[in-house]
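A, B, C, D, E and F label the chains in the order they appear, each numbered from 1.
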Amino acid sequence: MFSLRVAEDIELVLLEERDAAELYALVDANREHLQRFLPWARVATLESERAFVRASLERFSRGGGFDGGLRLAGALVGALGVFNVRPDVRRAELGYWLAEQVQGRGVMTRAVAGLAGELFEVQGYNRLEIRCQAENLRSRRVAERLGFKHEGTLRSVHPAPGGLAADLEVFGLMRPEWQRTRERQG
Amino acid sequence: MFSLRVAEDIELVLLEERDAAELYALVDANREHLQRFLPWARVATLESERAFVRASLERFSRGGGFDGGLRLAGALVGALGVFNVRPDVRRAELGYWLAEQVQGRGVMTRAVAGLAGELFEVQGYNRLEIRCQAENLRSRRVAERLGFKHEGTLRSVHPAPGGLAADLEVFGLMRPEWQRTRERQG
Amino acid sequence: MFSLRVAEDIELVLLEERDAAELYALVDANREHLQRFLPWARVATLESERAFVRASLERFSRGGGFDGGLRLAGALVGALGVFNVRPDVRRAELGYWLAEQVQGRGVMTRAVAGLAGELFEVQGYNRLEIRCQAENLRSRRVAERLGFKHEGTLRSVHPAPGGLAADLEVFGLMRPEWQRTRERQG
Amino acid sequence: MFSLRVAEDIELVLLEERDAAELYALVDANREHLQRFLPWARVATLESERAFVRASLERFSRGGGFDGGLRLAGALVGALGVFNVRPDVRRAELGYWLAEQVQGRGVMTRAVAGLAGELFEVQGYNRLEIRCQAENLRSRRVAERLGFKHEGTLRSVHPAPGGLAADLEVFGLMRPEWQRTRERQG
Amino acid sequence: MFSLRVAEDIELVLLEERDAAELYALVDANREHLQRFLPWARVATLESERAFVRASLERFSRGGGFDGGLRLAGALVGALGVFNVRPDVRRAELGYWLAEQVQGRGVMTRAVAGLAGELFEVQGYNRLEIRCQAENLRSRRVAERLGFKHEGTLRSVHPAPGGLAADLEVFGLMRPEWQRTRERQG
Amino acid sequence: MFSLRVAEDIELVLLEERDAAELYALVDANREHLQRFLPWARVATLESERAFVRASLERFSRGGGFDGGLRLAGALVGALGVFNVRPDVRRAELGYWLAEQVQGRGVMTRAVAGLAGELFEVQGYNRLEIRCQAENLRSRRVAERLGFKHEGTLRSVHPAPGGLAADLEVFGLMRPEWQRTRERQG
């Protein structure tokens, strides 16, 4: 029902319980694609998506970020959210995934850029963070294109299939860096 | 951060804690005007508005409606919310108030029409309700212009200044009536 | 265990968990009769009645009214409760049902009169409300005999069998009206 | 509002928040008398009595006993409650106090007898317990007159003035003993 | 992970969830032996032991005592805990059980002595209490050897097999008595 | 009351509310020393330490790590705790601080080594993490001496005096690396 326009053709929709079925359909259609880097995708059900949306809204209501759906020309094509909000140092982490069929068109880069604009310029954040696995080239590239700096590699910190743990690459973007990205992108 | 466009020039913004200061400034500037029919306006403080927004978001996260701010050309000019949601009979109540200086321009009528469209046509509501005091002519007219039917007068049910209780007029709008309003308004 | 004598031969008993079995037996014996206007009666189980009593006592403990059982010469024959308590305007709503076999003897009218006396004269209420479906003639008559005024008809607000929604007639009784009823009844 | 008649002239009233002021007035008038054995009496305020009633009703709503007021010919003269309910072995503890001016007339003995009748004969309890300090002769005598057996002396278990701890005498009454008391009292 | 050395060869380990499996294995191996006086032993499962440890740690975190495991030369052989803590009169109750195969060697007497030393001498307790059934000779002897005084017999207060209720012997040990025990034991 | 021996002369004590006064005295004596890297030290009070211990025990009771005090020959000299426990990938973070007067003697290195042994070898952790500011040379050296690898520098993520945000160095130690440290240290 409520959304933020993050690009001319992309809306970031605050997910509500009534969106769970549509969200689940998208996850289910992209299960194989998603589960490579997102362990929850392998076991997602309609009910788990409903619980996810409920928990996520409850987190939003306490000022702890949110989970949004991305609508491209009206159709749900992915998710983009804000996590691990730390008001004292004005930082937060971003997380996202995109349906396979709309990849390769810069959708997520534009969406994250729009959200970063809101967070840095309207809400006064000082730092945004993206964490992804080294092999997750598409996710990395979103961060790199937007000027995020690689800050380190945390070893074996992320749940991976088979009960294993994967390394996470940490990328950070400070407010002045964002301004340079903004200028560069015209 | 998240909003719903309810008219070409009006956005219904889901209120967050960071909006409390702007909301309080508007209430404070319209205190005399508002407290005639809204008892809370007389005692509103920045802190009470903050608590109101927090409680309201928590209600939203449980599917119990929401409190929104109305932005006219970007400026906060009033509030419009959904209460007493009853999913079993698909009904809810609407509540609203407007800053004095933008009254008389049909702002609230257009905003409520936009929200009613979302609720009836997207979310599948079957009945919307508006309750206001008989003397609150502006509020009544919003209901009447949109085709709400007067269903009764509940005596002495609403807190009024001086520890008194005022009557409330109840207006209801059923889905078929909304469609007629829609057609009439072109 | 605790009760209020509402008429010479009728006690209003505060329901406790140990009363759930007796309450369920009464509901079960009157299921067909009750479910016409009370949707919960169709699906009531011993366990749901137990949960109802627990929730009801918890509501009582927070000052939010209560659910009572009616004992006529010791036998449980119905229920009478107080809901939607609003201390700020000193109003509350009454709800009730009666076993089929004791209908037609004025039991509920006497019970509601006794409770209204307690609420208006001891507890300082200013307004009592009764809501029932138009077709629920027996319930209407209880209200009418006690001087409640018909205040309106709320359309499609009450869950009805088949996922439908029924209209509710709203009746209100103000303290001065109660006094006239009292005098009239001598 | 709700009560249990425990003797011809004595009602045991389930205390509600609206009774707190009357209860406090009684405690305040008997403060010196009560605080000898009841440490809370020394520091009771209207607000602490209100909190006590609220907590007590909440305990009642979970089936954990209750706190009642005793009305003698309508006037509040003391308190009698049920604590430490153990449904698995069907036992509970009784606690009570009486205003000084009505002592010596057997009021509490009759009230406890009435409550014991309800608990043993209606609610199926198997054991009731009374604990009091050795020097609390009036309390002891209530237990002794009703056939409670002295079972032991727990040393230094009860908060006493000055941060000290007093011994408690434990009295127990089993169901068959109650029946003998009943017969003896005719 | 955390423990208190209560005797040269005995450690009292604060039980954590990861200890539940080892605890359950010990209970299961001693089920027949334990259930004579401990009703829960008859129905204990791995899951119930896990829930027990969780609830117990939660109680510890609120300052309400704890449940410890006894390790004799590293092997879990029983349990010893503190219950019913009353800071205002500085008293608490002790509870314990021992695997059958290590009985008769004074293990529990030494463990309780070590814990009593900590409670009286470090933590400032004034009274410790042990409650056991009359027929539970081993438990009684632990209390008697450590100088606890028999204070009474509470009739039918303890859940026993078959829905029955057993008497409990109450033993108390005051601080000065503990000092005499200490001196006597050299 | 409960502790883990982490070195011949060092005990890691699970902090309880009764330890808050001693902990506060240590913080207060080292306030200037501690607040350089630990923002809470500047504003710590006896009451805040009490709240800290309570919250910390509550966290422990849910399996979320703990806060321990370090006792060197019986005297409290610092703190060492486990945070951000992630059972799915068997990792956790360590945090610690030491009183100024015992620094330079390898106390913390020996304490962390002892705790790491427990976590890797008894509890099955796979990764431990230490985060500290670049300028916090003593903290870094503890990590480096024990074989932790530097994995990155997170910019502006840690609250620093004056509302600023400091960079954090992240160090990680994997189980095989711990084994090499163990062998090297003999």
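The rule we apply is simple: contacts are C-beta pairs under 8 Å (C-beta built on N, C-alpha and C of every residue); 3 or more make two chains touch, one makes a residue touch a chain.
Note that the structure is predicted; figures quoted are calculated from it, not measured.
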Which chains, if any, touch chain A and chain E both?
F
Taking B-C as the reference interface, which entry in D-E, C-D or E-F shares over half of its contact pairs by residue number?
D-E
Distance from the CA centroid of chain B to that of chain E, rounded to the nearest Å?
62
In angstrom, rounded to a whole number, how far apart do the mean CA points of chain A and chain B lie?
33
For chain A paired with chain C, centre-to-centre distance based on mean C-alpha positions, whole Å:
52
Give the residues of chain B touching no fewer than two other chains, as numbers and ranges.
none
If you connect every pair of chains that touch, what shape comes out? Choose line, ring, star, complete or other.
ring
Chain B - residues contacting chain C, complex
86, 88-91, 126-127, 129, 149, 151-159, 165, 170, 172, 174
Which chain D residues qualify as touching chain C in the complex?
1-4, 12-14, 16-18, 54, 57-58, 60-63, 118, 122-123
